[in-house]
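Letters A, B and C name the chains as they come in the text, with residue numbers starting at 1 for each one.
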Amino acid sequence: MKSHTEYLEFNTTKRREYINITGKVKEILGRSGIREGMALVSAMHITAGVYVNDAEEGIIQDIDNMLEEIAPFGPDYLHHRTGEDNGDAHLKSILVHHQVIVPVTNGRLDLGPWQEIYYAEFDGRRRKRVVVKIIGE
Amino acid sequence: MKSHTEYLEFNTTKRREYINITGKVKEILGRSGIREGMALVSAMHITAGVYVNDAEEGIIQDIDNMLEEIAPFGPDYLHHRTGEDNGDAHLKSILVHHQVIVPVTNGRLDLGPWQEIYYAEFDGRRRKRVVVKIIGE
Amino acid sequence: MKSHTEYLEFNTTKRREYINITGKVKEILGRSGIREGMALVSAMHITAGVYVNDAEEGIIQDIDNMLEEIAPFGPDYLHHRTGEDNGDAHLKSILVHHQVIVPVTNGRLDLGPWQEIYYAEFDGRRRKRVVVKIIGE
């Protein structure tokens, strides 16, 4: 079994941003030399998510609107007693989930035709990381 | 390390359907010959989900009701500016998540007594696929 | 490829409880001898979740409040026609997701600085289990 690990870094200009990282994960897969296995793409922070969905601006805004509806930025979450103001970002991370596994088949990410991998930043303007770990052969 | 990959196909008659695929995943595991490892079951579409829960009609309808409450079919999602009418299906896919990993132990799916694997179709009446990829030994 | 499987047991005193299991997963990793791979941490029940987030009491209560807002305990879910009263717990499990994968790098759980692994009990006061399965080398 081979394994290959790399880290992606982000430092967004906005508090919330949705960044297509499919190309970067493909590059890492290429460097890994792995042809059959699984690629884990996982946020290393508790105020960010990773999901697979459409590279279409409308749906990205719809996702953001839904998350703001359920867990809006602003209210006095109990978490804010610590001095933080990002309670909403934790809740959004829980809802979206912080990771995906992409199957690797014949040396390629085995995604459907419209599936793109997104990093969802919910509390940006600081350095954040995603781990990409691929195991296989 | 061995790996084994198969694809399931669906073409539902209704827009939304919840289909128990545990038996099909067990068959694939049997064909793989893998006895220790992990089985990834992942929707290849951005308007479908895969989850593990109860094979009970009431809770399936409760899940559907909850998803309709949060992300109802019908409203003018921004995604609909593309001509699509399935914005709700994308949002439901995000909430349910599109994949699960089932541990494989002693040649069996290592599920709890009530855990069943479901394919959740949120925008059916067309050909859709799920990838089942098992790695291990 | 090596694999190592252990099961954690819970029997909470309250219906809902959020239990930090990071230490227990680290111990299992230590016993596995695996230095590069992936650790699956997965609830074996359909009324529990496993997530990664903050070990901070306020945000834990915020998560619980959000889940109660979306899927409150009490109402007449259709699932209750079976005689059960835990429809909310199934829905909370779907929303939080029942599993995480933790990358294993250099013999350690490759988590970010604030990431802790939680078992989320939504229908406790009975014996429940989590499977921890690590594969790698």
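Note that in this section a contact is a pair of C-beta atoms (placed from the backbone, for glycine too) under 8 Å apart; a residue touches a chain by one contact, two chains touch by 3 or more.
The shown structure was predicted, so the numbers you read here are calculated from the model rather than taken from an experiment.
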{"item": "For subunit C, the least number of touch steps when starting out from subunit A", "value": "1"}
{"item": "Interface residue identity across copies subunit A, subunit B - same or different by half", "value": "different"}
{"item": "Chain centre separation (subunit A, subunit B; CA means) in Å", "value": "20"}
{"item": "Subunit B residues counted as touching two or more neighbouring chains", "value": "1, 38, 70, 95, 97, 101, 135"}
{"item": "Touch list for subunit C against partner subunit A, complex", "value": "1, 36-38, 51-54, 56-59, 61-63, 65-66, 69-70, 95-97, 100-101, 103, 105, 110-112, 114-115, 135-137"}
{"item": "Subunit B contact footprint on subunit C (complex, rising order)", "value": "1, 3, 5, 38, 40, 42-46, 70-71, 77-82, 87, 90-91, 93-95, 97-99, 101, 129, 131, 133, 135"}
